[in-house]
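One structure is given below, encoded as structure tokens.
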């Protein structure tokens, strides 16, 4: 038994990069690899629930909460976003061409037992609480990510 | 025989990141490593031919084709681009200092037998056809990239 | 003795990405890994001294010197920067929550003997001289980075 491992630090919260991350992650898991995705900083926005969850926040955390997108459907793209227009164009064309959506990719990742981990330090920085993130994920610090990465040959930072 | 492998997912279409990618890739190949570059999303713009190629496109694909840069000489940079000014500054200063250009790096990569692969799913999303990309490259999906990455210890996402 | 190695190409000069890089790097070194950070392009701005150092520069290099931030306290963030406001918000909230600063992380990295290497080709492109960068770092080209990466399983591009 010598199972290969893939890890990804998902730092970016851009729709296009999120799609790329999940396509690589689900592809790797489909090959039989053990896959860990570690969501830090803006990457946490991919895991946010769509609706506001009533939690106690200080003023700065409330501001971050308002400014940051809530989940896959609200993300912008890294280029040509133009106030969300680029993201709409990309979603429109991907739908027309029957390409899998980010929401579907996240579900597929969960079916494939990909370990999705929210970085607790980043949650602290951005004032994001567990209740605000989707179910079925884990919570840990960088040491947990590094323990996986140390045993993996395929490690990416997105 | 235990040849090492490097792989790079070239997601970005920025001139500065493209130069960094090719410098790492050609450096690795020069050391005797087997190198694969997998071009996805905006990274595909690096491989576009400079001149428009007459191909059938739907309206959205035509729009993408118009908005996206055609090849190395048209790329912007990731910081301080200011409508292309930053890219001009960078190219001017690199030329004055006799630093290799992106076009030369791409040629060098081909001489060094670096495998350049255009991601077919991304081509589909952006409506880019094979005829529009430079010669001497391969076409494949993420599984092909992962087969290489699985055997490589040096894997980057740019 | 089979010490593991981590390498990072620090291409970005964004505060948030710099913090993420150093948290991963210092975490890896704390686990007993040998860590190399290779600073290229905008990543060099992280290593700049705060105060202007009198060095001879041509006109273009002077322009780059003026436009690029000098060190950790001047960096912007990759999202929502809005003329530095986002960076201020992030630093304010991180301070209030007692999270380590980038300056402290850089010191920690030096205490942990992390090898910080400034890419000499990038210094040439941006016209940055050794005297302008902090003490205790090394200077080398991409071949030096690749020699480390070739022996490492954990390689990131940030």
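In this document, chain identifiers A, B and C correspond to the written order of the chains, with residue numbering beginning at 1 in each.
Convention: a residue touches a chain if its C-beta (ideal position, glycine included) is under 8 Å from a C-beta of that chain, and two chains touch if they have at least 3 such contacts.
Quantities reported herein were computed from a predicted structural model and do not represent experimental measurements.
Peer 1: Taking all residue numbers at the chain B to chain C contact, is the shared part over half or under half, that is, same or different?
Peer 2: different
Peer 1: Chain A and chain C share one sequence, so how far apart are they rotationally when you fit their Cα atoms? Give it in degrees, rounded to a multiple of 5.
Peer 2: It works out to 120 degrees.
Peer 1: Would you mind pulling out the distance in Å between where the CA atoms of chain B average out and where those of chain C do?
Peer 2: Chain centres of chain B and chain C, defined by C-alpha means, are spaced 25 Å apart.
Peer 1: Send over the residues of chain A in touch with two or more other chains.
Peer 2: Residues 153, 155-157.
Peer 1: Which part of chain A faces chain C closely enough to touch in the complex?
Peer 2: Residues in contact with chain C: 9, 11, 13, 40-42, 60-61, 63-64, 67, 121, 124-125, 127, 142-143, 145-147, 149-150, 152-153, 155-157.
Peer 1: Using the touch definition up top, name the residues of chain B that touch chain C in the complex.
Peer 2: Contact set of chain B toward chain C: 4, 6, 8, 16-17, 20, 23-24, 27-28, 31, 33, 78-80, 89-90, 92-94, 96-97, 99, 153-158.
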